[in-house]
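Sharing a structure, written as structure tokens. Questions coming.
Lettered A, B, C, D, E and F in written order, each chain numbered from 1.
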């Protein structure tokens, strides 16, 4: 079965990104497909590569990047939500006249249409938020 | 696109204190381009999103309540508001702004988009969807 | 010695206002800000609890937040008064401490 | 046609669980995750409301979240069962839609 | 530093679902170095922070509950827990972990740091502070 | 009178940073001092200079940076909270081996001791959070 997943809250502050991670891992291990995870609201903050969690804590961004690489999950960050919150890729940084970008490997910035498309093309949609 | 899915946007939070209401509306506007069967549910504090007379000048935040009135132009015409949620908050439909659409199947007659429903009806609406997006 | 309590959550969404009402003391003040302003409305499921306290505790709503949410002054409970940000500042200065009910 | 409802908030902090209980239908399932697992405890102010629904609605807590919070299995209401993440996945697959009560 | 202020850290949120409990504890640990008069209040869902038997292996999040037991070493010895909050959640003091400190004024006798107080007493404690930090 | 202010939530997502801004402006206009504002929890996200809000919305970071410049307010971002969430200055970026920083002008990264110190040295402490 195809699952779409929405993450609506930022890393560490809320458990949403952790819960979603364990859920997606289990879903894939059980033979389901998770073609896309959509990051919305503060969820876009999961995508920063500048995060430096304490050594004895999990690295939420790295976990997602690794999962995406291993299983081909499309990690989409909402562009409008990301702009408000200061999550940029190189293209966006250039376009907005900013001197740095901060998006991590495996994440890509795109529009809200990708969320609707995910809702249309998957069999189930699961939201992790606040 | 052959398949039309029923999308429900569930709004349970008040406006301005948090961004969920505004960013939910942004999804609805983008989603309207996809020709799905769209409904919006307003229950619990979500009913506060539709109050009339919102004036955000004093808090320096954009007033997005007029956007609800534009939804008809996007063919988003089903805004279900829960009666019990209004009652618990001391509100009546008179406290809500008017949101209308022009019904192309009825000689473009102007009709209300807001439909007040009971809690039981809201539960039925929720149970009759393909995709539920919660904000 | 008295406390200014701030409540920024809707009383229908979280328990913050009720907990604040249960812990404030006579002579304290409560200022409802942000989504907290809904706690000042008449005819709600928490109106009686708020009204009961309004005798012994001074209760305010931050008017810019009430205006943003379309709450007309005549919908506020008797004894619940509006203040602007300057009034907020005065309330902080006039009480010995401020406690936020987050 | 049935729904899996997820509740991730403590029932003592927000109204999400109660609203979910008020809107779910016979044959639906409720999965309490994250701080939502407290909704499965015995002897609380919401225990009766949860217990009442447990006949017509299947109620679960996500065990890893219950364990994290120190909730022993024998403290869960009768009819409230634990599942792990694999069970969560099965619940999603087995119901026609998932609705998150945020 | 001549002036000693009374600091109260108010904990009203459950652990793990959000980071507030953990980051509150980080403030308490740093604050301990400042030689102020420190108290911690646990009420509403904050009482859940002190439950025993927390095991976070299954959620991949660090278990910080043992840190409470180290507070005595930082001379943080007043952890006020509200009885009514426990009652509403079906908890008793038996559900809480033991937190103790060694009382230097009493021949280093080991004493409990957790003091269960009524709601009225909690209100008195709150009203008797210079600085209240809420989490 | 001296006011200390704590901001515990991120920009745009919660109203906290807006409410605090209006409060601090009023306090200063009324002759009070606000020597420091401390950003904790998701509040650290206010400090990113990469944020690009829509043209018709307020720019929360720029508002704070301007206020700090005009009135000498010390905007302190908690280092531990900032590291978890990917808010870095040049020094921290170098120290952590990161290829970019994102902190805005007028904000500085420091320890939690600055929060306690603010509580000790001010007459009133006001918290804006979630």
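As a working rule, contacts are C-beta pairs under 8 Å (C-beta built on N, C-alpha and C of every residue); 3 or more make two chains touch, one makes a residue touch a chain.
Note that the structure is a prediction, hence the values are computed from the model and not measured.
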{"item": "Pair of chains joined by the greatest number of C-beta pairs in contact", "value": "A-F"}
{"item": "Subunit A-subunit D separation of Cα centroids, rounded to whole Å", "value": "26"}
{"item": "Mean-CA-position distance for subunit F and subunit E (Å)", "value": "27"}
{"item": "Centroid distance [mean C-alpha coordinates] between subunit F and subunit B, Å", "value": "35"}
{"item": "Per-residue overlap in subunit D, given as positions that touch at least 2 other chains", "value": "8, 12-13, 15, 34-35, 64-65, 84, 97-98, 100, 102"}
{"item": "Interface hub residues of subunit B, defined as touching at least two other chains", "value": "16-19, 44, 59, 61, 131-132, 134"}
{"item": "Subunit F residues counted as touching two or more neighbouring chains", "value": "12-13, 15, 19, 22, 41, 57, 80, 125, 127, 129"}
{"item": "Touch relationships between chains, expressed as pairs", "value": "A-B, A-D, A-E, A-F, B-C, B-D, B-F, C-D, C-E, C-F, D-E, E-F"}
{"item": "Of subunit B, residues touching subunit A in the complex", "value": "1, 3, 5, 7, 19-20, 23, 26-27, 30-31, 33-34, 36, 131-134"}
{"item": "Subunit B residues touching subunit D - in the complex, by the definition given at the top", "value": "10, 12, 43-44, 119, 122-124, 126-127, 129-132, 134-135"}
{"item": "Subunit B residues touching subunit C - in the complex, by the definition given at the top", "value": "13-18, 44-45, 48, 51-59, 61, 63, 65, 88-90, 95"}
{"item": "Complex contact set, residues of subunit C against subunit D", "value": "12-15"}
{"item": "Subunit E partner contacts - residues on subunit C that touch it in the complex", "value": "1-3, 15-16, 19, 22-25, 28, 97-102"}
